[in-house]
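Please find one structure pasted underneath; my questions will follow.
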Amino acid sequence: MKYVDEFRDRAVAEKLAATIAEEAKGGHDYYFMEFCGGHTHAIFRYGVQDLMPANVHFVHGPGCPVCVLPVRRLDDAVELAERHGAILCSYGDMMRVPGTRQRSLIKAKADGADIRMVYSTMDALKIARDNPDRQVVFFAIGFETTTPPTAVAVLQAEKEGLKNFSVFVNHVLTPAAIGHILDSEDFAPGGPARIDGFLGPSHVSAVIGSKPYEAAAAHYQKPVVICGFEPLDVMQSVLMLIRQIKEGRCEVENEYTRVVTRDGNLKAQALVDEVLELRESFEWRGLGPVANSALRLKEKYAFYDAEKRFEISAKQSRETKSCECPAILRGVKKPTDCKLFGTVCTPDNPMGSCMVSSEGACAAYWTYGRFRNKDQAKQTEIA
Amino acid sequence: MCLAIPAKIVSVDESDATAIVSLEGIKKKISTALIEDAAIGDYVLVHVGYALNKLSEDEAQRTLDLMREGGLLGEELAEITEGSQ
Amino acid sequence: MSDMTSGPSTLTGSVDMTHGGGGRAMAELIRTLFQKHFSNPVLDQGNDGALVALPPGRVVISTDSHVITPLFFPGGDIGALSINGTVNDVAMMGAKPLYLSVGFILEEGFPLADLERIVISMAAAAKAADVTIATGDTKVVEKGKGDGVFISTTGIGVVPEGVKTSGDNARPGQAVLVSGTIGDHGVAILSKRESLEFETEIVSDCAALNGMIANMLAAVPNITTLRDPTRGGLAATLNEIASASKVGMMLEESAIPIRPDVSAACEFLGLDALYVANEGKLICICEEADANRLVDIMRAHPLGENAARIGTVIADDAHLVQMRTGFGGTRVVDWIAGEQLPRIC
């Protein structure tokens, strides 16, 4: 596959690994947060951590829109299907995430709710056209990458007069989350956790450009490298971060130049600005309320807003006790620090979103990494 | 960052802002509502059925060269290190 | 690769409750449809059960029920699947498949023309696999209580002397082989599924493997394990074996055969091909010394042209299936809970 295979080239990886090892020498440890779950996934899928020297560490961030969706919003989505009899259209990622009392979309579907998995908003629009007598709600999640398609869908619905279509908007914003993490006590100097630099999101940046990170880099004095999705991109970006730190720079650099520009996709941004606006505050699972971090439909498009069209009840939504997803999402704890990890909480029986989502740190640890930890555990027992 | 894959545009339908992209023989209809001037032969990043951005051939090549250069440096360094042992 | 497209049907009308009533309507359906296409001396005995003679040897019996949708897909249909699936399960035990029973649960309103297409397909599959459909059964359920048609098949075979394949006997040092490209069937099915459809030439690999297996066992009677990676794909099957045998495995990603278009489809949808179903492939675990010979034997057969050695059984208390990635690192190929779902993140 063009533009894919070249960036997974093993020979180049080995050479880059040698360069990184050489440049990282010097007694310092480097802690880099890969903000996005897609990077976590790539790191584990290709075993990138095996090619890093021992003093370079990845800190897994909250960049998984599935993981950070508050339990309450998931419960609301289930209610739209169950109580209001709407056809709820959802991306595959959300189907197994456990809500309150472990209730997921897939379980609600098994109990008779009309919940349908879709690949695209275009599929949801088609379902609305094909079922004029039913209400069709699109469960919109995702960061800035996935927001423009939702905006297009709303405009398309308006153009066609699709009165039975509405959107349950849960889009969240990346730079706000990065700022929130860095503002927290966890990452204050001398605090329990540490981040020396960020691997910036690939496709969020394709839409918003690299400009929005410049203020954060300057304010928090942390280098950011916008990093592509393939394993060689991750390695090249790590090298660029190490070089910035050694040279005392705190800039936003772009490794993913084949897709990302400083301004981003202006057409997509304009469409989003037309249809959506900032919410003052939005609760993120694990991070709590974050100001100016999420979007909702503008008043102009209120007709298509599922939150306005349907009465959604106030709920007692609960995180599972002892679930450490909040701390894990902030990069403060590792999955193995959670009491439930691997015992009660497994992919078979996920207690929290970090285990369900293919991007979640817990899922990644379980799927790709636990043998490593087992070896380490064995060592500690013997020692 | 979300799952997006580069694919080549093989036909364009301006009437409904869609295009057909091809990847190793797989063809899929996608929306071009988010990009300008979609043309046959363009490579685009496809995410949830939409073309998000075009890919720059020049930048892709430049990035690859940079990576390979980063590697060459490693090779030279290894020779130096081995030589001095 | 199977060439089993179901032939055309001249029947009109659809299944109704009288077809399952045991009376003349049912007898007529059996005669004009099932008996017409399945006819053979055993089936034509026409009793409630079939009297068959078995050659000497240990007997293997296996059963499977088929509920797939869509019923017709590129490269096959529920009928071919029902025959090949059970033939394969019997053959994976090291047995020569001899007889099958077939049971149909038909939904009221199901078009007879579609039923005939399926039956023609089954007859062709049985012929290609050289097995006899010995006996059958038909029931009809009310509209809304079925999915068009469900098919259940049970197969009987006999294991030659000296052969004993099983999933719990894999040992460190043995080789792991696969008979061809992975993910073809699952992707072919997905390509037709609403909301995921894409245009492709990928067809299901649905096929009966007993002929190829016979060649393999004739050359190497002490093959340790044969299993077909159906639902859950290569990953599920290898994990089952690792767990049952209490061993680990180390695979080489670059050695696993996969068609570029199947790989691309998986990329589009965010799927891992290791977890995608196959219906005409097998995994073989054998002694290291026999690995090359078995790969050659598979490659010499039309259904094994892309056979390859993909890994080695290793000692591992955690019973993990691991893989050296094409990139150079190592990852675990986990045993996932349910079905893999497409993702956007």
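Chains: A, B and C, in written order; residue numbering restarts at 1 for each.
Keep this in mind: contacts are C-beta pairs under 8 Å (C-beta built on N, C-alpha and C of every residue); 3 or more make two chains touch, one makes a residue touch a chain.
In this text the structure is predicted, and so the values were computed from the model without any measurement.
Novice: So which one's got more C-beta contacts, A-C or B-C?
Specialist: A-C
Novice: State which chain is most central when centres are taken as means of Cα atoms.
Specialist: A
Novice: Per the centroid of Cα atoms for each chain, what is the distance between chain A and chain B, given in Å?
Specialist: 22
Novice: Taking each chain's centre as its mean C-alpha position, how far apart are chain B and chain C in Å?
Specialist: Centre separation, chain B to chain C: 37 Å.
Novice: Would you give the residues of chain A that are in contact with at least 2 other chains, written as numbers and ranges?
Specialist: Residues 1, 4, 14, 17, 37-38, 91, 119-120, 123, 142, 146.
Novice: Two or more other chains in contact with one residue: find those residues in chain B.
Specialist: Within chain B, residues 2-3, 5, 23-24, 47-48 contact more than one other chain.
Novice: Give me the residue numbers in chain C that touch at least two other chains, ranges are fine.
Specialist: Chain C, residues with two or more chain partners: 260, 263-264, 267, 270, 343-345.
Novice: Quick check: in the complex, which residue numbers of chain A touch chain C?
Specialist: For this pair, the touching residues of chain A are 1, 4, 8, 10, 13-14, 17, 37-38, 44-51, 64-66, 91-93, 95-96, 116-120, 123, 142, 146, 231, 346-349, 357-359, 366-371, 374.
Novice: Enumerate the contact residues on chain C facing chain B in the complex.
Specialist: For this pair, the touching residues of chain C are 198-202, 260-261, 263-265, 267-268, 270, 343-345.
Novice: Provide the residue numbers of chain C that touch chain A in the complex, in ascending order.
Specialist: 194-196, 260, 263-264, 267, 269-270, 318, 320, 322, 324-332, 334, 336-338, 341-345
Novice: Which of the residues in chain B end up touching chain A in this complex?
Specialist: Chain B residues touching chain A: 1-6, 8, 23-24, 31, 33-36, 43, 45, 47-50, 52-53, 55-56, 59-60, 62-64, 66-68, 70-75, 77-78.
Novice: Would you tell me which residues of chain A are touching chain B in their complex?
Specialist: Interface residues on chain A, with respect to chain B: 1-4, 6-7, 11-12, 14-19, 22, 35-39, 63, 91, 119-123, 142-143, 145-146, 148-149, 152, 201-207, 228-229, 232-233, 235-236, 239, 255-260, 265, 267-268, 271.
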